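Okay, got some structures for you below.
Look at the two complexes coming up: subunit A is in both, with subunit B in one and subunit C in the other.
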Partner chain A sequence: MKLKGKSKAQIGLLLLPGLLIFCIFTVYPIIRLFWMSFFKWDFGSFLSQKFIGLENYRSVVTDPYFQTSFVNTIVYTLITVPAQMILGLLVAILINSVKKFKIGFRVAYYLPVITSWVIASLVFKYVFNTEGLLNYFLTNVIHVTGSNIRWLDSRWGGMTVAMLLGIWKGIGWNMVVFLAALQAVPQELYESAALDGAGSWQKFRYVTLPGIKGTVLFALVMLTIGGFNVYTSTKLITDGKPGHDTEVVLTWMYYKAFSTGKFGYSAALSFIIAFILGILAILEFRLMQNKEQQ
Partner chain B sequence: MEMKKKNGMQALIYVLLILGMVIVILPMLYMVSTSLKPNGALYEYPPQFFPKLHEITLENYKYILSQRKFLGNFLNSIAVSVCTVAISAAVSSALAFCIARFRFPGRRALFAFIILTMIIPGTTMIVPQYELAVKLKTINSIWGLIPFYVAWVIPYSTFMIKGFVEGVPSELDEATYMDGGNVFTVYVHVIIPLTKPGIASISIFNFLTAWEEFPWANTVINDDLKRTLPIAISGFFGQHQFTQWGYVFALSVLSLIPILIVFISCQKFFVQGLTAGSVKG
Partner chain C sequence: MKRDKKIPAIALTAAMCLAAVGCGQSPASSETTASSENSATTEAAGQAATEAAAETTAEAEPAEEVTLNFWHHYSAQSPENETLTNVLIPKFEEENPGITVNAVSHEWADLHDKILISAQSDTLPDVARLDSAWVPEFQKMGILVPLNKEMSDFQDVADGLLESAMTTAQIGGDSYGLALNTNTKILYYNTEAFEKAGLQAPATMDEFVEDCKKLSGTNDAGQQVWGYDEPGLAGWNLCPFIWSMGGSLTNEDQTKATGYLNSKETVAAIQMLADLYQEQAITGWNSGDIPMTDGFGTGRYMMLLEGPWKVSELAGAYPEFKYSTAPVPAGDGGSISVLGGEDIGMFNTANKDAAWKFMKFMTSEYAQEEMAKCGQIPCNKEALESDTVKNADFAPYIEQLKTAKSRPTVASWSEIDSELTASVTSVMNGEQTAQEAMDDLAKKVDALLAE
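For the complex of A and B:
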């Protein structure tokens, strides 16, 4: 529609509050982050920064602790994302095919999603403690391990607990999203597939999967971002211990900024993560679009 | 024969669903059961999933409820979450309305930036945001949390509400303009009433985001009385030599209650909010 002078002023007024908050508290920090990443910027010396070009980026990339945290984050994402999607889709298909208690199941499977990360992390820390419930069950009840596993005292033990938590907490979200997608697949397609003699697997492969492709892409992008965003669980479950073996990129960034005061280093690290996620999101969209054309 | 096979299949599906459900809610049940046990033992050995009947006690809850500071933490969380929800609903719906309906200069750049910030994890911005909070003197202030939370949820809220606005036929706008209405009247009398379910569903998620936010509040709030609930819960660690799990889980259970109320009473909205972006995508 055509804008008259008066309407323009009104639109400006409507936009103003949101724009102000967004620009001051999100856009400005992003620009500031980029700026900081080129300076030697230490906590307590806000006034004396020295331009050092790409030095922060170099020290991030060559830092063995960063490399460990990066590998941990990649492994976390590569395992938790497909696991959540597959289990969430499976639960959605099962719920979609029963006649009674649909809502009851949906609420129960959704409970972990609305449980805060802080609470869920503490519950898992408690369950996986060396003297905790899970070890007791494994060792003394079903006897699959000879002695208690020290889950939280090793790199992959600690990461396993964080990943199990991530999967447990993510199934419900995937279930709801896929359930909606399944209900949007036209019923006639299943009927005509049945007429053509398709079995359950073929129906899933040739009707369901193509029908929910958009949702799979949506979930993939959102969950990849979520995987890189993991912070609270590893912070509270292991706090990076032993050593800094179970750090993920964000806990390591946080540690460098607020425990050692290296703001410039942390800014460069944050920017690297943001950049990688941007590239990944674009790649995931491309990948799905290519498949669509085939 | 065919019928029998179908019934067998249905039974199997129920068994699978119930089995999965038990695994999913087991940790939650264990949390509740631990909160009902006496707080004496650090780690009981052998651990019991259910407390013995004669042991069940509300002493952990009594302790939590008798402490003034936890009531304060609870009220802080309520205040911060409610303000975040109200402000973000107002500003995001206004942004969404303008982006969906008018071609103003910078519109595409604004929308691109909104999408971009949805990709970047919020925690990566914590260093410059901390510096900003120092400059604005909002460190250690409950109210100082709100603008950061609002800014945090604006992109996703605007993106989702924009989808709902586009579902409103623009003929309705035109009719209102014909009747002498202006941009504000269209926003207040057409867009808001017709996108209410969308705004409601986004608001549930914004409430949850503010209610459970940990990294930022944990960074800027250091006063016991000014903490929000997640910080109070995690604060049981490091305070004493031993963690008092009974207290931790009693406070956790209490902090889950408002969330459960919000979700159960808004059941019908929340599925809509989750899926609006996904099915179309």
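For the complex of A and C:
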């Protein structure tokens, strides 16, 4: 059905405020930031900038601190994304099959999601401090070690704590998403699979998984973006210590812009990350499409 | 096909969940909201005072109305902020009819970022209280007014203020601010622990090393204790050791680090700290360590180097705890601490006459003495001689200030500082020797200084 001119105008008018806000607060800053990334933009050139082409991009890529933070981010994403999805799916399947207290379980698993990142990070820091709860438990309650273990003081120690927090906080979201998807898988398919003699693993493999594939893909893309956006937890738990070893791309970007005034550098960094994320999203979609065709 | 239609619905649910996550983060920003609310009441109070002042003077002198925006980082609830809004600003406005001061309190870290952002959108305030470490950055951005060039009576005002504190705003022979308040670190030590061990406050670096070793180990409750705590490995933390042991970061002109940052003396200072750390005699900079005040107040750290603010922190958190203070232990270079403190500067968009009047007022004997009552060490020489200051237990700090030095006043300081931290961290963790780390660092810093 074709829309009449009048209703088209109406739609345009109704969309206008949202579109304007989107343009002013999203599109314009992105364009401006892209522009900035080609200029020398720091304390010495704050009011009059010089065009330096791809120099900012070069200095980001060759910066050893950026490389460290990038590796940290990749590891964080590679570990937290599958862990959240697998555990979230597992919990969703379990909740889907229990008969009683379904809502109670759902609330319990969803609670970490609605907890503030700041508070959860501080609590995790408190637990894993050298003088924290976990060490107290290990040394004074069950006497596993004689001296305190310094969880937070090394690169992978600090990153592991941040990853644990990410997984703990992410399970609930995955559970809700997968639960909705599971309920959308037609019950008849399970019944006919059962008639064909499928066991529970086969049902999961050949009925459930294909049925929720769209959701798996969706969660994968969202969580990959989320993994690259990790900031609050690492900032509060280790703040890059020791010596920028636990920096992730966003904390490094913030640090370079607001502590050292290198705005051009940070603008370039943000576009490098956006580019990588875009490629990753396309790859993930391709991967899923290929599977579908098989 | 029916299945596919559900996917958008699922996506929507998920998006809403994400939105809920986003909401969960809001407490992070609530602090700033709280302080801006406070500054709103501050403004209201300020305006009320102006109106009162205006009633008495307006008829006599119809001067041109000027509103001065003053940004600072006195905490919103602090006695300093109360003095500022209830005593100092009303007094200034009474003395200078026609000028209204609109004071806004920011969080310390916020203020730095806010100024950066405002510079770009041309919404800078007229005057700001600046952490002295920021002055070189803002100077390089070209937003600070060189006072000695633009103000005819600059020298008279500067002569009345502490020279050492004034160096924090001196860049390339020009002055970009007035020293507003100053501070430095001195040695704090646990009196009981020292008495028990039969020790006196360490007067030299050698004694300091010995005391750290003697006082570390395990306490009666079986907990590990450390002789000394240093909460970071930045210039603020390391400089007292480097300078007191005769080392330095750069040459006098702040243009070169090689030969200074990797000199024998600087390396020795870093090595001394690394050795103490290896022997578990000092700690504090790791993410998992006990926070400074708690560790000191509960007898886990025996010594600290800290500034005057520690007195009220300890009185609030550990009122029973007994400690004493002493000068920074002396090495071959003497007993040299690091200068902290704030400057007051004006931006080039300011109403310069009014801004300069306000800056002179804030550094005057009267204002400085009022602020001294809240624990701010004055930079005004006359205020330093006042009874308020003499009764305020500032004596050890004022003594230490005589030799204290300012960290390099270069725009790339925060980057140099961060490289310094990273290098020294690797020495502490035994990844490099102090000499290797400092040689590499000196080359990097040379490049940063040349920028």
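The criterion applied here is as follows: the second predicted complex is superposed on the first by the 270 of 294 C-alpha atoms of A that agree within 3 Å, B and C clash if a C-alpha of one lies under 4 Å from a C-alpha of the other, contacts with A are read in each partner's own complex, and residues count from 1 in each chain.
Quick note on the criterion: a residue touches a chain if its C-beta (ideal position, glycine included) is under 8 Å from a C-beta of that chain, and two chains touch if they have at least 3 such contacts.
Everything numeric in this text was worked out from a predicted model, so none of it was measured.
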Checklist entry - Thinking of the overlay built on chain A, is A:Ile114 touched by subunit B (first), by subunit C (second), by both, or by neither? => result both
Next on the checklist: Quick check for you: in the superposed arrangement, does A:Trp173 touch first (subunit B), second (subunit C), both or neither?
Outcome noted: both
Checklist entry - So, A:Phe218: does it touch subunit B (first), subunit C (second), both, or neither? => result both
Checklist entry - Which one hits more subunit A residues, subunit B or subunit C? => result B
Checklist entry - Does subunit B (first) or subunit C (second) touch A:Ser259, or do both, or does neither? => result second
Next on the checklist: In the overlaid three-chain picture, which partner chain does A:Thr232 touch, first (subunit B) or second (subunit C), both, or neither?
Outcome noted: both
Next on the checklist: Quick check on the superposed pair: does A:Leu78 touch subunit B, subunit C, both, or neither? Answer first, second, both or neither.
Outcome noted: neither
Item to check | Which superposed partner A:Ala281 touches (first subunit B, second subunit C, both, neither) | outcome: first
Checklist entry - Counting only touches as set out at the top, which of subunit B and subunit C does A:Arg150 meet: first, second, both, neither? => result second
Next on the checklist: Output check: A:Leu250 vs subunit B and subunit C. Expected answer is one of first, second, both, neither. What do you get?
Outcome noted: first
Next on the checklist: Using the superposition on chain A as set up above, list the residues of subunit A that contact both subunit B and subunit C.
Outcome noted: 46, 114-119, 129, 131-132, 173, 176-177, 180-181, 184, 214-215, 218-219, 232, 258
Item to check | Residues of subunit B touching subunit A in the complex | outcome: 10, 13-14, 16-17, 20-21, 24-25, 27-28, 30-31, 34, 43, 45-47, 49, 87, 90-92, 94-95, 97-98, 101-104, 110, 113-114, 116-132, 134, 147-148, 150-152, 154-155, 158, 170, 173-174, 177, 182-184, 187, 208, 211-212, 214-215, 219, 230, 233-234, 237, 245, 248-249, 252, 255-256, 259-260, 263-264, 267, 271, 274-275, 277-281
Checklist entry - Can you name the residues of subunit C that touch subunit A in the complex? => result 3-4, 6-7, 9-11, 13-14, 17-18, 20-21, 24-28, 112-113, 116, 119-120, 137-138, 140-143, 224, 285-290, 411-412, 414-415, 418, 421-423, 425-426, 429, 451
Checklist entry - In their complex, what parts of subunit A are in touch with subunit B? => result 1, 3, 6-8, 10-12, 14-15, 17-19, 21-22, 24-30, 32-33, 36, 46, 91, 94-95, 97-99, 103, 105, 107-112, 114-120, 122-124, 126-127, 129, 131-133, 136, 140, 168, 171-173, 176-177, 180-181, 184, 214-215, 217-219, 225, 228-229, 231-232, 235-236, 250, 253-254, 257-258, 263, 266-267, 270-271, 273-274, 277-278, 281
Checklist entry - Along subunit A, where are the residues that touch subunit C in the complex? => result 43-44, 46-47, 65, 113-119, 125, 128-132, 147-148, 150-153, 158, 173, 176-177, 180-181, 184-186, 211, 214-215, 218-219, 222, 232, 237-239, 241-244, 255, 258-261
